[in-house]
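Two complexes follow with chain A in common, the first pairing it with chain B and the second with chain C.
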Partner chain A sequence: MNKTVNQKAWFFVIPVFVLVAFNAIIPLMTVVNYAFQETFGNNVFMWEGTRWFKQIMLSERFHASLGRQFLFTFIILFIQIPLGIAIALTMPKEGIGVPVCLVLMSMPLLIPWNVVGAMWNIFALPDIGFLGHSLNALGFDYNFTQQIGDAWFTTILMDVWHWTSLVVLLSYAGLRSIQPAYYQAAEIDGASRWAVFTKIELPKMKKVLTIAILLRFMDSFMIYTEPFVLTGGGPGNATAFLSIDLVKMALGQFDLGPAAAMSLIYFFIVLLVCWVFYTLMMRNEAKQ
Partner chain B sequence: MAKVTLKGLSHSYLKTQSSDADWAIRGVDIDWNDGGAYALLGPSGCGKTTLLNIISGLITPTKGDILFDDKVISGLSPVERNIAQIFQFPVIYDTMTVYDNLAFPLRNRKIPEEEIKVKVHEIAEMLELSSTLNNRASGLTADGKQKISLGRGLVRSDVNAIMFDEPLTVIDPHLKWILRSKLKELHQKINRTMIYVTHDQTEALTFADQVVVMHEGQIVQTGTPVDLFEKPKHTFVGYFIGSPGMNVLPCQIKGNDVIVNGKKIETHQKIKKSNFIKTEVGVRPEFISFSNEGIPVKVLSVSNTGRHKIIDTESETGKIKIIAKSSEDIPSGTAFLKFKKEYTFTYGDSWIIE
Partner chain C sequence: MKKAKWLVPTIYIIFLMLPIYWLLNMSFKTTTEIINTYTLWPQEFTLDNYKKIFTDSTWYTGYLNSIYYVVMNTVISVAAALPAAYAFSRYKFLGDKHLFFWLLTNRMAPPAVFALPFFQFYSSVNLFDTHVAVALSHCLFNIPLAVWILEGFMSSVPKELDETAYVDGYSFWRFFFKIFIPTITAGIGITMFFCFMFSWVELLLAKTLTAVAAKPIAATMTRTASTSGYELGLLAAAGSLTIIPGAIVIYFVRNYIAKGFALGRV
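== the complex of A and B ==
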């Protein structure tokens, strides 16, 4: 069958194109503009080529915040994914417990990010906060505003509290979709609980876990509001993750050129990691 | 390798039971001999899968006992009962190879690797899986996967019984034939008690030596395929088995006579007493012929299947189907029917009157 050629159809694409242009392409092009030029205001721009990119790539400060960012992301993935699966496994499969657990699990996900930051800030204050005060009363020398270790501990604890639920809900959905016959067959085959987990449950959860890891990677890699409200990136620069550092550079120091270059590098790192991860996970799928 | 006995078995999924309908299984008594091939036949929802899961130990029955070789095993787990079960949908372990899948039940029982190797190769040979042993199991087609499920059930040589829960549902029709004859062949080879659940009469009748027909949680008849066909003990067996099923017509019993549509007819049994609410006469379409006298009917339609003709007729109290030879001339308009006495039975409240 031959398709009719009708160029007028392009008119129908215009609304979408305009929308995407306004919410994505134009803002991104502004950033690209700043990344390659120098400006002193008054709409005067001077061409700088790749100077800002070189500067960022060689800057110790960028390396440090990138390192902190990767460390943070790996720690929270390492905690949240196993913990999420473990909680999902212990959740009830029927009865009144199911809705109760689901609602309880969703609660942290429904709280606005800056509220989470503020909550944990007050909760962890060493003198009046419940957590901070209790820890000190128990003999720990805890002060997240002064000590680097405590600041990291609090930030990670906050993120685990806020986001583990997402992994739990996804894993629970994956677990529930497994046919009862699999468990019955495993029982008859004499499989141990551990074998049921590794040979049936984990493989069947693979797809939802891929999504969970991707989402948690992207969100934690771009985290801003919660640590900003909790620690403000401190003490010193100890919890200044990439986005916090970026905002400091762009709005604090008004170094628009380097900040724009950093945004683009940041963006490409996220894209690259997601692409590599997704391709690796899906390559096995294609083989089968 | 065991005799399977069920004694007064009843099961309900509800906590309290008020009527018969609350029971998934009611008062089942069965004796299955060691090494036999049995089929549990019945429509969807008649309780056959429940019964199977009770035997394998996945469900604990509300009442009654299960015995293997005259030993009560009601409280034992599926592993302790040492049975194998194959499910409706193929269950395979996705991440393992075909070999590992077949070896899995043996490895869980800590059998030495060399022994496993021999056993797995033997089973793979039987099921024609040898060439795919090193492939990922998840890459196989539905029938390949179901063969793996079968293989995992057959690989253990010491199982007490092997149970099949409609294992050929997801298989293509032409492969069904192949797998079914394969099963029959396997049964002759390994000679273990096999229980096969199905709603497909052809499957049940070709696989089993003894067929158990279930209806609404009860066993209505146990017998060879020939018994079920020639002497159905319950009207349900009559129309569930056979194609088309048995004709069941309301009748009156007066003294020792059976009367259908005002005509006295001869049946297999001698009727002595009758205190039933509902009495019926059943006769298979194969055992009815046209005659000069008998039950008057109107011929409605004739369909020729090639091998034989199926004639739809209407009598005063209901439709009657007749199977006749392809070559036979069929009268049109009004005709008279004669029932073969030996294959005509009287039923009281759906059960055969003995």
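== the complex of A and C ==
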């Protein structure tokens, strides 16, 4: 759509700008304030320069939680995106099955995150949980509160349970927008199922899939509540992802300086990835 | 082949329903049964857990608090986002692209980064432990989302609609409320659904900004889990009840979801 230049449009944007600025800029400045200073309470501050940043960048603890965070995000993307596409491809296209699938599949998205954690905790308990009990009955030595591998397995399974539906819904919406004429043409040409998928369906889903990957990357990168309730970051620090580690540092130990520096580095990483995705997305849109 | 196609969604839905079933199962059991035996369905079916929640004010006020700030946030977000989304979809203005990206970055900001400064900031303006504080803080991620979705819907409405209305002598605001808003009701519905959803499921900020008066249900649950022993049955009942508002909302918007995702670029 060709838009007209109109500077008065700013008046329409002002309410949004004020509300978001109120919530984003003032608290962010507080973080910046803490990141460069040392405080002993009573509003006494001492300038520390970049000391906290150096300390965080060099700390093993930050490297470890950052590593865990990237590993977790890549694993869940690797499972959720193909699985979501596969389910969307097999979903019914008309009839009563459509609303039934949509409503049931959306259920996990609307459960408060700590309830998701609590629910999976109850579900996975080795003695009274269905998952834990069944796995142990099958001969696996499963206990997610004790063993690191089991804790990771449970956290990832929980995230797959929680968020795959979002990928399904997006892919399904993308598939629905394909005109039947494309499929008819493919049939006349005698295209295989695989060719239909790679040549017609996948390109048409490209836009929604970018959004799905972007959203899943961001949300999994800031995951906090669900693993916190499920494992509490344990056993040890095995599932302490970035947000969990950050909250522990800021509110648990009250190391405000390093925590603020870590916040800024954390935010910067998210911003960087977000900018790359956004630029790619806009470039794709401009091409079309 | 035709039969096998039903298999994948069916298995997936069973996988989704299992933990939910387990939660419901637990909520109808007595504490002794939960601790002592492993049963696939309640042997001594009881409604005591639910009774406790509906009679104890610390529990049910939690629900009311949550619903109160979620509704407040949804109304604020959509009301503020409507004109802004219109501006982004119809006009070019100084810094529009940067502003749009800046808004989006706030959707991407990890709430953990903001938890502590929010606490200090809202305490200093005397809004700590109020519904308004939570509703306003959730604007941080809901307003950018609302603008993003609404802009997608508005861009799919041809500009000729606006121009015809002006030729017919409509003033801007009359056109906006009488013609434009009715044409995008589906989009507004979807937007409200997402605002409701993200405000309802968020806990970190809601918990940080409240103590007693505006405590959300989810925080009440966390407290119960840690202080009063391990009342799993009660916890399960409270958890089961938090699923209901979402299920109701999703039932009403089921036909718009797929469409909304496609057009709204969520």
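Note that the second predicted complex is superposed on the first by the 256 of 288 C-alpha atoms of A that agree within 3 Å, B and C clash if a C-alpha of one lies under 4 Å from a C-alpha of the other, contacts with A are read in each partner's own complex, and residues count from 1 in each chain.
By our rule, a contact is a pair of C-beta atoms (placed from the backbone, for glycine too) under 8 Å apart; a residue touches a chain by one contact, two chains touch by 3 or more.
Everything numeric here is computed off the predicted structure, so don't read it as measured data.
Novice: Overlay done on chain A, so just call it for chain B and chain C: clash or fit.
Specialist: Superposition check on chain A shows chain B and chain C fit without a clash.
Novice: More residues of chain A in touch with chain C or with chain B?
Specialist: So, of the two partners, C touches more residues of chain A.
Novice: Would you sort A:267 into first (chain B), second (chain C), both or neither based on which partner it touches?
Specialist: Only chain C is touched by A:267; chain B is not.
Novice: Touch test for A:187: chain B only (first), chain C only (second), both, or neither?
Specialist: A:187 contacts chain B only, not chain C.
Novice: With the two structures laid over each other on chain A, which partner does A:179 touch: chain B (first), chain C (second), both, or neither?
Specialist: first
Novice: Under the superposition described above, what is the C-alpha centre angle at chain A formed with chain B and chain C, rounded in steps of 10 degrees?
Specialist: 80
Novice: After lining up the shared chain so the two structures overlap, which partner does A:102 touch, if you call chain B first and chain C second: first, second, both or neither?
Specialist: Once the two structures are laid over each other on A, A:102 reaches chain C alone.
Novice: For A:27, is the partner it touches chain B (first), chain C (second), both, or none of the two (neither)?
Specialist: A:27 sits against chain C, while chain B stays out of touch.
Novice: Look at A:138 in the shared chain and tell me whether it touches chain B only, chain C only, both, or neither; answer first, second, both or neither.
Specialist: Neither partner.
Novice: Which of the two partners, first being chain B and second being chain C, lies in contact with A:204: first, second, both, or neither?
Specialist: A:204 contacts chain B only, not chain C.
Novice: Looking at the superposed set of three chains, what is the minimum CA distance between chain B and chain C in Å?
Specialist: Shortest inter-chain C-alpha distance (chain B to chain C): 17 Å.
Novice: Jot down the residues of chain A that show up as touching in both complexes, chain B in one and chain C in the other.
Specialist: none
Novice: Show me the residue ranges of chain A that touch chain B in the complex, using the header's touch definition.
Specialist: Of all residues in chain A, those touching chain B are 179, 181-182, 184-185, 187-192, 195, 199-200, 203-204, 287-288.
Novice: Looking at the complex, which residues from chain B come into contact with chain A?
Specialist: 53, 56, 58, 77-79, 83-85, 87-89, 91, 93-96, 104-105, 108-109, 136, 138-139, 149, 152
Novice: So in the complex, which bits of chain A are touching chain C?
Specialist: 1, 3-10, 12-13, 15-17, 19-20, 22-24, 26-28, 30-31, 86-87, 90-92, 99, 101-115, 118-120, 122-123, 127-131, 133, 161, 164-165, 169-170, 172-174, 176-177, 207-208, 211, 215, 218, 221-222, 224-225, 229, 242-244, 246-247, 250-251, 256, 259, 263, 266-267, 270-271, 274-275, 278
Novice: If we count contacts the way the header does, which residues on chain C are in touch with chain A in the complex?
Specialist: Residues in contact with chain A: 5-9, 12-13, 15-20, 22-23, 26, 34-35, 38, 40, 76, 79-81, 83-84, 86-94, 96, 99, 101, 103-118, 120-121, 136-137, 139-140, 143-144, 147, 155, 159, 197, 200-204, 217-218, 221-222, 225, 232, 235-236, 239, 242-243, 245-247, 249-251, 254-255, 257-262, 265-266.
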